[in-house]
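So that you can tell them apart, the chains are marked A, B, C and D in the order they are listed, and the count of residues begins at 1 in each.
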Amino acid sequence: MSIWEYANPVKFLRLSERVLPALWVISFACLAIGLIWGFFFTPDDFRQGSTVKIIYLHVPSALMAINAWFMMLVASLIWLIRRHHVSALAAKAAAPVGIAMTLIALITGAVWGQPMWGTWWVWDPRLTSFLILFLFYIGYVALWSAVDDPDSAADLTSMLCIVGSVFAVLSRYAVNFWNQGLHQGASLSLDKETNVANVFYHPLLFSIAGFVCLFLALVLYRTGTEIRRRRMRALMAREVRHA
Amino acid sequence: MPDLGKYAAEVLSAYGATCVVLCVLVAATLWQGRKVRAELAQVEKNQDGKGAQDG
Amino acid sequence: MMLRVKDLTVARGGLPVLAGVSFSVDAGQAVMLRGPNGSGKTTLLRTIARLQDPVAGQIECDPDQVAYAAHSDGLKSMLSARENLRFWADVYGGGDVEAALEAFELSRLAERMAAHLSAGQRRRLGLARLLVVKRPIWILDEPTVSLDEASVALFANGVKAHLATGGLALIATHLDLGFAAERFDVSAYRATAEAVGLGASDEAFL
Amino acid sequence: MRALLLRDLILAIRAGGGFGLGLAFFLIVVVLVPFSVGPAPELLSRIAAGALWLGALLACLLSLDRILALDWEDGTLDLLATSPLPLEAALAIKALAHWLTTALPLVVAAPLFGVLLNLPAPGFFWLTVSLLVGTPALSIIGAFGAALTVGLKRGGLLLSLLVVPLYVPTLIFGAEVARRGAEGLDATGPLAMLGGITAGTIALMPFASAAVLRMALK
């Protein structure tokens, strides 16, 4: 049994029906644990004060904003190479989730930056990159909604996703070059000691797990919605054609 | 409620905004999902009915 | 030189419209595609011209031998008739523009901007393009729309000359063109609701 | 290929819009800058390089849908796709024609408009160089966007939305070259990056555009 079995919409729906309830529960549990622990039971940072609590929102959402795009890129490649409809629809389903994550990362980043940098917005390379990512997401969603035929919409958005990825990486370098930033380095890496102290690290892990599961749950559910929408379209087209 | 010190407004607004965005996203997702499910069920019912009449 | 189509299934908007189409056209032969509106003639022609992919089946013809002419003529209204033809002649590598203009009685209008030509004249100019591209396989979609009788006769002569030099033509049309041609009615191949397993893209959802 | 280039150039000239509109739009943007930020010469000379780049980019953006939209409407694209000319080459040529008719006049006009914005003296050379090196990338990326939106209703607005994020690296490096040049700093670093972007897009984008156009014509 290969993973491609689930490229069949019916099988995919059956699987997602089985997985989804557990996924919702896990994601909300992880989010609750991570955020409550982080919000109520962690000390303030000696330098950043209580704003350090924003880390439990900012870091996971920023992570998912990028991962969502990466997932869309992989799904687009699978569609272009193997032409599995579920893959294309999953990419479509992930885009609005990615937009929400990017939006959260931008808002929390700006709110965090306000006391630290003394201004709501600075054209810091990381913030700027996320803004550009946001534009890419919007263009991607707009293109999906502008093309009527679902297959050519999938084709075109997949190409946009691939070319956009290249330019997003280019933009990242360009932006770095353009303004050496105020932003601190990545908050989370494998050697946690150098970055975030333990007290902050553990709730952060829960929060990240929560965001990951929430993303998966949302994408699975939304993909199911897209599959049903597509099935409805196919049924109606058949009815018209053979009336 | 922990003491958030002088940054209370920032921290709370960050949590509030995130909550709003996530709730809107989840609500929209579920609402769309329900709607499409219902519509699809309707279409399937119609076609089955017609199929029965034809044959 | 021949065009052979075997078991071809073509789809429009994700649903198969024609299934199991097989025919062949030999050198010197013309075939008329018949069928009511929406029966899939245009889709079939576009598939044979490699503008879209077949759902299933084979098309045996060299795409470099095909000249395709659609509903719209691809004329630039800001170019004169001669310039329009000259462009396509250059793209396809040579071809006698003046002879083509002559054949469709457009020499007198050669300097006119395409914008100032009547619908029928534009159509004739679009067909004159076929003469300058020098391709043996003509795939024509409703070539006689908006042509008067005299112009249809011109077109028929053009096709006859083409066939006489070993070319072949596949023409979707409702008109009788006044030369011997085999008829091929596509409505016999209409894809039915039960025709699943053909691989059209909507099928996965039905 | 030469035939296609010539045809596109002739069409741009006869239709009249080609040279004039983009240039006029560029002028308008440049005129609007002092109205929006104030007439102080020091401020203007500081932002001149960036404002000129932005104006050129917007003027370029404005005319992108002309690359393919007209050929789509009259069926030329279908015929081109079945012609012996590879679609990759056709798109590259069309981007070149767009560059010649739209971007090149902008490059020529930019130093003149620089006077209006009080561009510092060393900036003129670097502005022209950066535009000359950078604008081909704008045209060829624009052709990709035009291929994505060909045949869509509301295509024009969507085209801008899709293309603008793709223009970011080019704008950053191009404006950086012009800015550094205007301030008398060494501008060769960003110029090399800009040249790299242009060379890369010229080499690769026609393939992506042609793939997209084939999908769109189906």
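As a working rule, a contact is a pair of C-beta atoms (placed from the backbone, for glycine too) under 8 Å apart; a residue touches a chain by one contact, two chains touch by 3 or more.
No experiment lies behind these values; they were computed from the predicted model shown.
Asks: Counting C-beta pairs in contact, does A-B beat A-C or the other way around?
Replies: Top pair by contacting C-beta pairs is A-B.
Asks: Quick one: which chain's Cα centre is the longest way from chain D's?
Replies: In terms of C-alpha centroids, the chain at the greatest distance from chain D is B.
Asks: Could you put a whole-Å number on the gap between the CA centroids of chain A and chain B?
Replies: 17
Asks: For chain A versus chain C, what separation do you get between their C-alpha means, in angstrom?
Replies: 48
Asks: Need the CA-centroid distance for the pair chain A / chain D, whole Å please.
Replies: That pair's centroid distance is 32 Å.
Asks: Listing for chain D: what residues touch at least two other chains?
Replies: Touching at least two other chains: 218.
Asks: Can you tell me which residues of chain A touch two or more of the remaining chains?
Replies: Chain A, residues with two or more chain partners: 231, 235.
Asks: List, in ascending order, every residue of chain B touching at least 2 other chains.
Replies: none
Asks: Flag every residue of chain D that touches chain C in the complex, lowest number first.
Replies: 2-4, 7, 10-11, 14-15, 71, 73-76, 78-85, 217-218
Asks: Considering only the defined contacts, which chain C positions touch chain D in the complex?
Replies: 49-53, 63-64, 66-79, 83, 86-88, 90-93, 129, 133
Asks: List the residues on chain A that touch chain B in their complex, please.
Replies: Touch residues, chain A against chain B: 35, 39-40, 44, 49-51, 53-54, 57-58, 61, 96-97, 100, 103-104, 107-108, 111-112, 114-115, 214, 218, 221-222, 224-225, 228-229, 231-232, 235-236, 239.
Asks: In the complex, go through chain A and note every residue touching chain D.
Replies: 132, 135-136, 138-139, 142-143, 146-147, 152, 155-156, 159-160, 162-164, 167-168, 170-171, 173-175, 177-178
Asks: Once bound in the complex, which stretches of chain D touch chain A?
Replies: Residues 144, 148-149, 152-155, 158, 161-162, 164-166, 168-169, 172-173, 176, 190, 193, 197, 205, 208, 211-212, 215-216, 218 of chain D touch chain A in their complex.
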